[in-house]
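After this come two complexes, each holding chain A, first together with chain B and then together with chain C.
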Partner chain A sequence: MISSLTQAERGAAMLITLAGMVAGLAMAAAGQGDPMGAHGWIVLLFFALFFGLLARAAYGSDELEDRSLAYYDDPTKVGILLSLAWAVIAMGMGVWVAAQLAWPDLRFDAAWSGFGRLRPVHTSGVIFGFGGNALIATSFHIMQRTSRARMPGQVAPWFVLFGFNLFCLIAASGYLMGVTQSKEYAEPEWYADIWLVVVWVVYFTLYIRTLARRREPHIYVANWYYLAFILVVAVLHIVNNLAVPASWTGAKSYSAFSGVQDAMTQWWYGHNAVAFFLTSGFLGMLYYFLPKRAERPIYSYRLSILSFWGITFFYIWAGSHHLHYTALPHWVQTLGMTFSVMLLVPSWASAGNALMTLNGAWHKVRDDATLRFMMVAAVFYGLSTFEGSFMAIRPVNGLSHYTEWTIGHVHAGAMGWVALITFGSIYALVPGLWRRETMYSWKAVEWHFWIALAGTVIYVFAMWNSGIIQGLMWRTYGESGTLRYSFTDSLVAMHPYYVARAFGGLLFVTGAIIGAWNVVMTIRHVPRQVPERDHPTTSETMEPALPAAE
Partner chain B sequence: MKTFLKPLLKPFAAFFEGHAKAHYRLERHSLGLTAAIIVAAGIGGFIEIAPLFTIDETVEAAPDMRLYTPLEQAGRDIYIREGCYACHSQMIRALRDEVERYGPYSLAAESQYDHPMLWGSKRTGPDLARLGEKYSDDWHVRHLVDPRALVPESVMPHYAFLLDAGLDVESLPDRLAALRAVGVPYSDEMIASASADAIGQALPDTDRADGVFDRYGEETAVRLFDGSADRVSEMDALVAYLQVLGRLTDLPAQIQPVPEG
Partner chain C sequence: MEISHELFVGFSKSFGLFYLIALSVGITLYAFWPSLGGRFDKAAKSILDDEDGPCR
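Let's turn to the complex of A and B:
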């Protein structure tokens, strides 16, 4: 892969890795005796690895291709593999923490293996490691195809991909050492946050520069969603992570916000991490891979406009539904509830648009597990957005908040929607990307589909039941007019559901392992086949970016 | 029916028609799209968050509110480090069953010096907003060392290692200074004597303990939280923090008299 870089690109990459090594060394020296020092060593080793690889090939031969003739897919390939690796690790971590709730001594007798420290490894690992890598990889693929233009340069995409993975690595290793801001889904400390901003700025400029080179007058809908994902996540990340470090030589920092303002800022971030990381970006995936795989044009252009701006505008208001009946002023709760309910319109417009696109291709859904992944993802998207709007209604939230129901809701979205659309997209993408005839095993894709679906259903039903039982037990009064159940009673009632949940999660991660194995076998054992039309051209008839409307 | 609905729907149809046409032009310009996304996504957050800083009634006035002592703040940092917030909320909602189970509902004033807040989102374990002085120090220490020895059904991880870990008191002046930078009114004196105060609060009947009373009030709990006078452990800090939860101000009890019966 280094061999396809020009000498100038290799030089630039070496300078960047050198700067990274210096930064790592500085962190290691300054942060002695603090987790920041350990992070310094990780940064140093990370960049040293790439520096070494580059140095070895610095004056080596180059196989420069004619860049006007092909898309740049190497970063996409590595991104897909990283995404699968994170999926297996982070989902496995999820099974472990789930098992700890059923059997609390199922851990090592060490500080790092407690639920509180492992839980963010699972959440960040799945959201950022699995989801983030899949988003970056597919966005590189889609922005080039729908623009019919190659990415500019060959250093920036690698910087974005590896820089982002360094962030994930610092985040996950930090949690194990107890480095956390405690803000859910924004746990990493100040230096990791600053690094992510740098990576994100490069990501945005890369996207805009590719769009500027496009040979299409219009920007395809998938790109709007990816753009919204990149832009809004940047705004959310910067504002919610504003903090003052206790010292420049340690990891600990204190949030700029406190109390009620902090709660609102955090859930403005938290809910829109769901909106713009876990929804917007993955809708971009859906809008490209679903019509492509079904060989049908998107059902309605106008519906996609309506849902895009509806989601972009409405979602931002919805965060305060996480704070019903709390010390947050009532007017903000009411605004959050109202917009959450209205949000159902653009959400179902998207889900409906996806399902209607399949009209005329339902026989393919039946025969092709890859397309079925995407179809079921769209169904779960519709289900979980309905559930979300419902749970945002104040009295419903009175029952559901703080209970396992929330966990069930999140996983209906994360497993049923985000993970299934990602796996569907990966199966659609991998053979063409590696220039292979087909996936290694279609049976394995079928198995993955059914195992993942069974795992999701078991998980979600277990959490729905347990959450509603828990919520009801907390508010049940006995005949004497006193609370009927102690907290411990409700905890005991959870046990069978915690076991079922761990089993559902185990099925799901088994599916992911089958998927990762299948992708590796595809790369290693399936004969080569170069697709006829997969290169930048100026002519729409030579290479339509997507199936055209009749 | 149709003739009745048509004029009603007309403005909406016109809006979507215009919207689609405008979008058809907009989607040819990447930077125009960028600006439009930022504006569309910026409005809601601004309208919901900015007024929380300017409307005075958002946070009640609590004149008797005291600050966390350095030892309690250190305990709070340990609470965060161990991820306790993942399973314990610190926000009692204004619902009858919650008030009866946990105590007066939480007020915004109570967490006004909490950077960040720890309201939480999940109760795998019970709410802790009014935990302070509900149990003895000894109960907390034994519970943290082996939760299932006291509550057989518990699924809480054990934190025995906190007993053996010496508390890092050196960094406390820096920590308090950073907290002052984000708005907690620590005085110069409090910051300068943060390390000594942390040790003093866990060693009663010493000169350093007197300093804690001087700076944080006579009501401050100065005790051998972990039961040992050998040194100040992380267990001292965490238990000191747990014992002050809900006790920084009397305001909730004042405005929510305990219901009869």
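Let's turn to the complex of A and C:
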């Protein structure tokens, strides 16, 4: 891969890794005795690894391929493999923390292995490691194809991909050492946050630069969703992480916000992380891979535009539904509730648009597990957005909030929608990307599909049951007007559901392991096949899609 | 002029209301503008053969 870089690109990459090594050394020296010092060593080793790889190839051949002849897919390939690796690790962590809730002894009494430290490794690992890498990889693929243009340069895509993974690494290792700023899904401390801003700005400019080279007059709708994901996540990340470090030599920082403003900023961030990280980008995947796999254009392109703007404008206001019955002013709660209910319209427009696209291709859904992954993902998207709108209504929230029902809702979305559309897209992408005839084992794809679906259903039903029981037990009063059940009573009642949840998660991670194995076997053992045409438009002439004779 | 809670509430209840309505009307017009139909259809179909090579 390095051999396809020009000398100038290798030089630039070496300068970047050198700067990274210096920064890592400075962090390690300044942060001695603090988790920041440990992070400094991680940063130093990370960049040293790439510096070594580059240095080894510094004077190697630079017989360059003609870049106008092909899309640049190497970062997409690495991104998919990283995504699968994170999936296995982070979902495995999820099973461990789920098992800890059922059998607390599984903590093994270490400081780093407590629920409070492992849980963010699970959530960040799945959302950012698995989801983020999949988003970056598929966005590189889609933006080039829909623009009929190759990415400009070959350093920026690697910087984005590896820089993002460095952030994930700093985040996960920090949690194990107890580093957190106690903001859900925004736990990493100030230096990791600053680094992510740098990576994200490069990502955004890379996307815009590729679009600027496009040879299509209209920007396909999937790109709009990806761009909303990149742009809004940047805004959310910067605002929510505004903080003052307690010292430049330590990890601890203090948020710029306090009290209810802090809560509101956090949940404005938190809910829009769900909206723009876990929905918008994955809708981009859906709008590209589902029509492509079904070999039918999207049912209504006009509706996809309308639902794009609907989702973008409505979601921004919905965050305050996380703070019902708190010190937040009542009207702000009502605002969040109203917009959450309105969100059902564009959400179901997208889900319906996807399912209507399959009308006339249902035989493919039956035969092709890859397309079935995407179809079921669209169904779960419709289900979990309905549930979300419902749970945002204040009285319903009074029952559901702080219970396992919320966990069930999140996982209906994260497993049923986000993970299934990602796996479907990966299976659709891998053979073509590696120029293989087919996946190594279609049976394994079928197994993955059914195991993942069974795991999701078991998980979600367990959490619905336990959540509603929990909510009801907490609000049941005895004749004397006191609470009928203690918290411990409700905890004991949860035990069978916690066991079922751990089992559902175990099934799901088993599916992910099968998927990762299948992808690796496809790359290693399936014979090559060169597609007839898969390259950017080379000339300004209007080349027809197919030769006139066909 | 004092920057106060009332000022922001007044601003969002006046300007905020109308710019959101104007945006939604504008977007609906754009999405359903008849003469753009051809462009949208072309875009929707364009992805189906993009990996089969250049098509314009």
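Methods note: the second predicted complex is superposed on the first by the 536 of 550 C-alpha atoms of A that agree within 3 Å, B and C clash if a C-alpha of one lies under 4 Å from a C-alpha of the other, contacts with A are read in each partner's own complex, and residues count from 1 in each chain.
One rule holds for everything that comes next: a residue touches a chain if its C-beta (ideal position, glycine included) is under 8 Å from a C-beta of that chain, and two chains touch if they have at least 3 such contacts.
Note that the structure is a prediction, hence the values are computed from the model and not measured.
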Superposition on chain A - do chain B and chain C clash or fit: clash
Chain B versus chain C as contact partner of A:148, first or second or both or neither: second
Partner chain in contact with A:184 - chain B first, chain C second, else both or neither: first
Contacts of A:306 with chain B and chain C, given as first, second, both or neither: both
Chain A: partner with more touched residues, chain B or chain C: B
Chain B versus chain C as contact partner of A:298, first or second or both or neither: second
Touched partner set for A:215, first chain B, second chain C, both or neither: second
Which of chain B and chain C A:252 touches, first, second, both or neither: first
Partner chain in contact with A:316 - chain B first, chain C second, else both or neither: first
Partner chain in contact with A:288 - chain B first, chain C second, else both or neither: second
Touching partner for A:325 - first (chain B), second (chain C), both, neither: first
Overlap of chain C and chain B interfaces on chain A (superposed complexes): 217-218, 301-302, 305-306, 309, 313
Chain A residues touching chain C - in the complex, by the definition given at the top: 145-146, 148, 215-218, 220-222, 288, 291-292, 295-298, 301-303, 305-306, 309, 313, 432, 531-538, 542-546
Contacting residues of chain C [partner chain A, same complex]: 20, 23-24, 27-28, 30-32, 37, 39-56
List of chain B residues in touch with chain A within their complex: 16, 19-20, 23-24, 27-28, 30-31, 33-34, 37-38, 40-45, 47-49, 52-53, 55, 57-59, 77, 80-87, 89, 91, 93-95, 97-98, 100-101, 105-127, 147-148, 151, 153-157, 159, 161, 171, 174-175, 177-179, 181-184
Complex interface listing, chain A residues touching chain B: 100-102, 104, 107, 110-111, 114-117, 119-120, 175, 178-184, 208, 211-212, 217-219, 224, 227-228, 231-232, 235, 239, 243-247, 250, 252-266, 268, 272, 276, 301-302, 305-306, 309, 312-317, 319-320, 322-329, 332, 335-336, 339, 398, 401-403, 406-407, 474-475, 477, 482-483, 487-488, 491-492, 498
